[in-house]
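Per-chain numbering from 1; labels A, B, C and D assigned in written order.
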Amino acid sequence: GSQDAKAPAANKLMVGMVTDSGTIDDRSFNQGTWEGLVKAGKDFGFSPKYLRPAGTTQADYDKEITNLHDAGYTLIVTPGFKFENSIYTAQERYADTKFVLIDGVPHPGSDYSKIKVGKNTVSINFAEHEAGFLAGVAAALQIKHGDFGFIGGMEIPAVQRYNWGFQQGVKYANANLGTSISLKAENVIYQGTFNDVAAGQQIAAQMYDRGVTVIFAAAGGVGVGVINEAVSRTKAGKQVWVVGVDVDQYAQGYYDSAKTKSVILTSAMKYVDQASYDMVKSVKEGNFPGGQTLTFNAKNNGIGIPAKNPNLSDDVAAKVAEVFKKLQSGAIQVSDKGDGLIK
Amino acid sequence: MKLRFKLEVKKEAVVLLLAILLGLIAGAVFMALTGSSPITGYEFLFKGGLMNLERIGNTLATATPLIFTGLSVAFAFRTGLFNIGAAGQMLIGGFCATAVGLTLNLPKPMLLTLMVLAATVSGALWATLPGYFKARFNVHEVVSTIMFNWIAYWVVYYAVPAYFKGAFETESRYIPNDASLRVDWMAKLFDGSYINLGIFLALAAVILIAFILNKTTLGYELKAVGFNRFAAEYAGINANRGIVLSMMIAGALAGLGGMTLYCGYATSIQIGILPSQGIDGIAVALLGANSPWGVFAAALFFGTLYSGKGFMNAMTNIPPEIADTIIATIIYFAATSVLIEKFVDKMKRRLKGANSSCG
Amino acid sequence: MWLIFQQISPYAVAYTIPLLITALGGLYSERSGVVNIGLEGLMVVGSFAGAFTISILQPTLHSNALWFGLLAAILAGALFSLLHAFASISLNADQVISGTAINMIAGALTVFIARHLTGSGNIEIEGFTRFNVPFLDRIPVIGALFFTNTYATTWLVLAILAVSYFILYKTVFGLRLRACGEYPQAADSAGINVYRIRYIAVTISGAFAGLGGAIVLVTYSGEFNGTVFGLGFLALAALIFGQWKPLGILGATLFFGFASTIANVSQATPIFASIPDVVLKTFPYVITLFVLVLFSKTSQAPRASGQPFEHGKR
Amino acid sequence: MEYVVEMRGIRKEFVGIVANDDITLNVRQGEIHALLGENGAGKSTLMSILFGLYQPDKGVIRVRDREVQISNPNVANDLGIGMVHQHFQLVHNFTITENIVLGQEPNRFGVVNTVNAAKRIRELSERYGLNVDPDAKIEDVSVGMQQRVEILKMLYRDAEVLIFDEPTAVLTPQEITELMKIMKGLVAEGKSIILITHKLKEIKAVADRCTVIRRGKYIGTVDVAATSEKQMAEMMVGRQVSFKVAKEDRAPGDVLLKVDNLTVINNRKVEALKNFSLEVRAGEIVGLAGVDGNGQTELVEAITGLRKVEKGHIWLNGADITHRSIKERINAGLAHVPEDRQKRGLVLDYTVEDNLVLEVYDREPFSKGGLLNREAIRDYSRRIMENFDVRAAQGSITKARSLSGGNQQKAIVGREINLAPRVLIAVQPTRGLDVGSIEYIHKRLVEQRDAGYAVFLISLELDEILNLSDRIAIISHGELIGSVNAAETDENEIGLMMAGIRKEEKA
């Protein structure tokens, strides 16, 4: 039929993405990546395509990359560290195709000494720890005293960095900004999945019952459970908070019918959509930074907290903005390692 | 006698082919309904699975674990048991094979042999308990194998990072070349595909299971237990032993399937996911009419669909979810159309009955 | 310890209820002689239909939209289950096949339709608010366990359970249904239309599973995303565990509810900190097996369950 | 109206077989009409057509002079036709009331009202002397009671024409007498009965007329009073049949089976067998007489190894087998024709040939080194099928399920005798068989004895026991009441002993 793809038109962009185990609606980096591509598609006049691998092994990923390549796609975007091996081989095999690897660096096997970013590949990393740090500072400043908690999904690098950054942020606020927030070991938990909503809710309930007032949830569907629990409690008159992750989750935490008030105190964000958009744009403009590893961090505004945080006072927002500046200038350094921190 | 055997096989094959054809027609209707051209859709679906050596190899590699889980489910079925636990058995088998592969340093043939042994034995052991519970305490195997799936899931979940942590918490280290079922000559033959020695293991398993079921006293006993436990007991066949044994064999098959998945198709074991081949195995077994060669054919068919799906997505406007739905539709219709023949007969008879009693 | 138990109780009950209603649906189906392993998929369908309806109606109807969502879920589940009914009753197909197919179709198809209709395969809605039952919540012990922080759907499902008990054991329909599951030939020769009864039963199972999926949505999950995390299979287990009896199922699902909640929260509970995670996570499954070993000796499975029926064949 | 039911020119074809071919059956109002034919002759099929379970391919059915089409059992029901099937159509975990009302439940707004129904059932039960407790569960009552429930089911539906398909095959002699009385009572009330049975004695006892069919074809209808059993048997089989088993005297040899002080517990954890002792010698047939449910089943299960022994010993050919496995007992020369051929005797989904090697598949030549030898199995099975006249549509590869009950039974008996067992335990070996087959199986049992082996016969049919046995042991309430020489006893004496009255007491 007419709607089926024809051979690639000469100057038309053919942009595809392969999702990892999540879907393009995961409100996390799969969705972010996809939204960036869709936006780019609108701006530059092409319709992006996504494929969903059948499993989570390298072979599954490779297959979909091959499918996109064989179908004539010239820019392939893959979100997630699970693609590191696939891109490592694909970038050589399909030298005529450009690759963007988000949240990882191409290397063979489990061997990180052989990292190789091909001429046709851009590897993008985010400083999640800086985002977590900012969110931690903001939450601490707003709440001032009390207990915080962290609920992660699986113990993967990005989630860990959020956790470590968050802890450092709270510590920083306690040390420098006059807050007294505690983060007890028992309140730092990796639930173990990204989809067990019920567990998220139940664990959050336990923490809130123990007096925790703010939970940083970096856990996909598990986080949805956490937000639900916070909404329930807040509706019942016991205000508690959640710090969102990846994107601005404010709208997910509404607890009034007018949909203005939310339990989302703030969110630790990384601008994946921006990254994928930028990459398409660079191809369009002929300055694709092939061979480079880009880090999206405070310095280049690749991470942050939402521009508008209705639950943060102006005063807090101002202070956080200062901290952000210090991050940008390098006056504050956030470690991306867990040394000396909880879990 | 030989002739009759051949005829029977032929009839089975015809029914299977008809079933698949009907499934494909149903899938086509579905594609048309969602505004895509079935012809292009199928063109790319099958091209994606079969258009070059590499893709054929990948299709075979995709089918390999399915052959094992299909056999596992079918074998249990034949002995009256519903093994819904192939996924867990795969995980355990795959994990143990990986563990051996990552721990021992031996020449490839020896290492692979040991890994096969580890996968078989561990898969078998994992299924032994549900079998024993069934035989001794009458615990329904559907429930117990579901429970064992989740236990396997969490055991592997914590064991992998604890003992074999790779780059990340979520997967094991990559297995060395010597521990992989992949071999250079096959990769070369199939233009760099993932096809691996697993397919030969699968073929051997099909032959072995067909042989056990049809030609051996063991198969005779197990089938008897499956059909009528009381009669088997009466004849002096130890039914409890049969149930346990049958689960063990089913588990061994699934365990081996796990090895072909994690040490052949993949190069490491991932946590946090029950392999989908476990449930797919049920469909494979049923489409294959629970006969070993039927399973083999059905698994190849599934393999083609699964591995061609992405190419169809890439070349047409059919999104991945629709591709999944189409595959499920094909399975539904293929599986039920084995019976449509019967249904039509029934309708005919009803009509005829009505006519003749009128006249 | 007691405090923890009291604290988790509302969550355990919330987790129990969708399992209960789905297993109850399975009960109708199996009691009529049709095994339904498609419960998982039917729950997903219900979850989708509910989420979609609610997302459309919520802006105008607010929390009333939730009830329409539940209704839509019931209808969708019932409709979808006809696929299973047709294959397993009219075509005499192996009942496991069509159930498996439903599970495969449901996840993919609903996400596709959701994306097509709403632009996202993930539909968020605002669920029910929890409330304390007036007066009853002050009863010592029980009040704290069962009458605080409850959802409206909990009471709905318990009412359905009571009605189902009555239907199964006291009405003409229930008698015939059970006869079809035990010995369809006997029902047939008594002039009962076995096919019709089985169709109705499977449709009920679809309706209830759909409702179960929607209850997950309007209580603790708040979003549709194409899966119900294996609850359908767990409901199937509860059905067997509960020995195909309404009250048995209630017990079995409550057991699952509490066991899994304890397992979940124990991760976040200091007194359990010394226990290895793997033990905590596998605890509900191990304990289930243990209980099954103790109580399975006499199975009450409907005798004709899983067997295709053909009129006139003996 | 001459006939209540007329079936004319009925034809019914199944795949590969014409079950009914131009059959005529006319039943008069108020008569007991017997339907006689060999196994597989097409009796059940004909009745299923009358009851609306099958549609005839050809032919006319008239009920009370009106031509009717009985498209389903409901129609039959409305026409006042009821049927007691060979296999009872009862739901095991329902009460008797529930079973009876099923399909026609008295109700208010859909809620079953069992109270009224139970009352009516009680009334009916009293009126026809059926003695049924409406609140008992089917699984808790005897087979005889189940049969009476089936009868009540018909009466409850106001059936005027009652079809009984081999009602006596599963009953004890007492229950049979009881049933005969009930049937007479029913026709006295103006009902009509069609009775299928293989027992000519029963036909003689109750029936007015008898229609005979052979291999699906109508042979004729006779007046029972004016026709001898022998004549009817000949019509049915198409040749002469002898009823008396020819048996020469023989001196018994060594004890081959010895049961010593055996105590066994049944499923309800009650002692079903108490200190039971018995011997069976080489070259003799010992019959065990007793009312059903007095420990026969448990005794057989204990001997064959299907049930655990609490106390006492079992000796086979001089060896203690009390704790041996079933397989070991079979290998030591024990064979067993089981009571329930479909539950224990056959794997219905196996082919006939696979069933015929059920106990020997693991011996040479049927298998070697764990591999089956199809060729040998087929030869062996074909021989048995030929010898025992097992008729199957596709020969030895027919599924056992599609064999008629009679042929299923012949296959089992053939299989067991072919084991050349030292001790053959035959439980109800001729249940449900036509006279031709009975004659044949009896002959084979006697041959077994004559060859110097022991045969232990358990039967509920006194005739069979008296006819075949050399010695008769009587069991009651799990205890041995006594044992007598067959030549020196009669039905009366044994009947009394079956009721638990010992010989000495009587004297």
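Please note the rule applied: a residue touches a chain if its C-beta (ideal position, glycine included) is under 8 Å from a C-beta of that chain, and two chains touch if they have at least 3 such contacts.
Source: prediction; values computed, not measured.
The interface with the greater number of C-beta contacts, when B-D is set against A-B, is A-B. Comparing the centres of all chains, each the average of its CA atoms, the largest separation from chain C belongs to D. The centroid of the Cα atoms in chain C and the matching centroid in chain D are 45 Å apart.
Between the CA-based centres of chain A and chain B the separation comes to 36 Å, rounded to the whole angstrom. Centre-to-centre spacing of chain A and chain D amounts to 75 Å, using the average Cα coordinate of each chain. Residue positions of chain B touching 2 or more other chains: 157, 321.
In chain A, 192 are the positions where the chain touches two or more neighbouring chains simultaneously. Chain contact summary for the complex, chain B toward chain A: residues 35-37, 40, 48, 54, 58, 61-62, 157, 161, 166-170, 173-174, 192, 194, 261-262, 265-268, 270-273, 275-276, 306-307, 309-311, 313-317, 320-321. On the side of chain B, the complex with chain C involves touching residues 82, 84, 133, 137-140, 142-144, 146-148, 150-151, 154-155, 157-159, 279, 282-283, 286, 319, 321-325, 327-329, 331-332, 335-336, 338-340, 342-343, 346.
By the touch criterion given at the top, residues 1, 215-218, 220-221, 223-224, 227-228, 230-238, 352-354, 356-358 of chain B touch chain D in their complex.
Considering their complex, residues 1, 3-5, 16, 21, 49-59, 62-64, 66-68, 70-71, 73, 81, 84-85, 93, 109-110, 112, 154-157, 192-194 of chain A touch chain B.
Across the complex, chain B is touched by residues 37, 83, 87, 90-94, 96-98, 100-105, 107-109, 111-112, 115, 121, 230, 233-234, 236-237, 240-241, 276-278, 281-282, 285-286, 288-289, 292-294, 296-299, 301, 310 of chain C.
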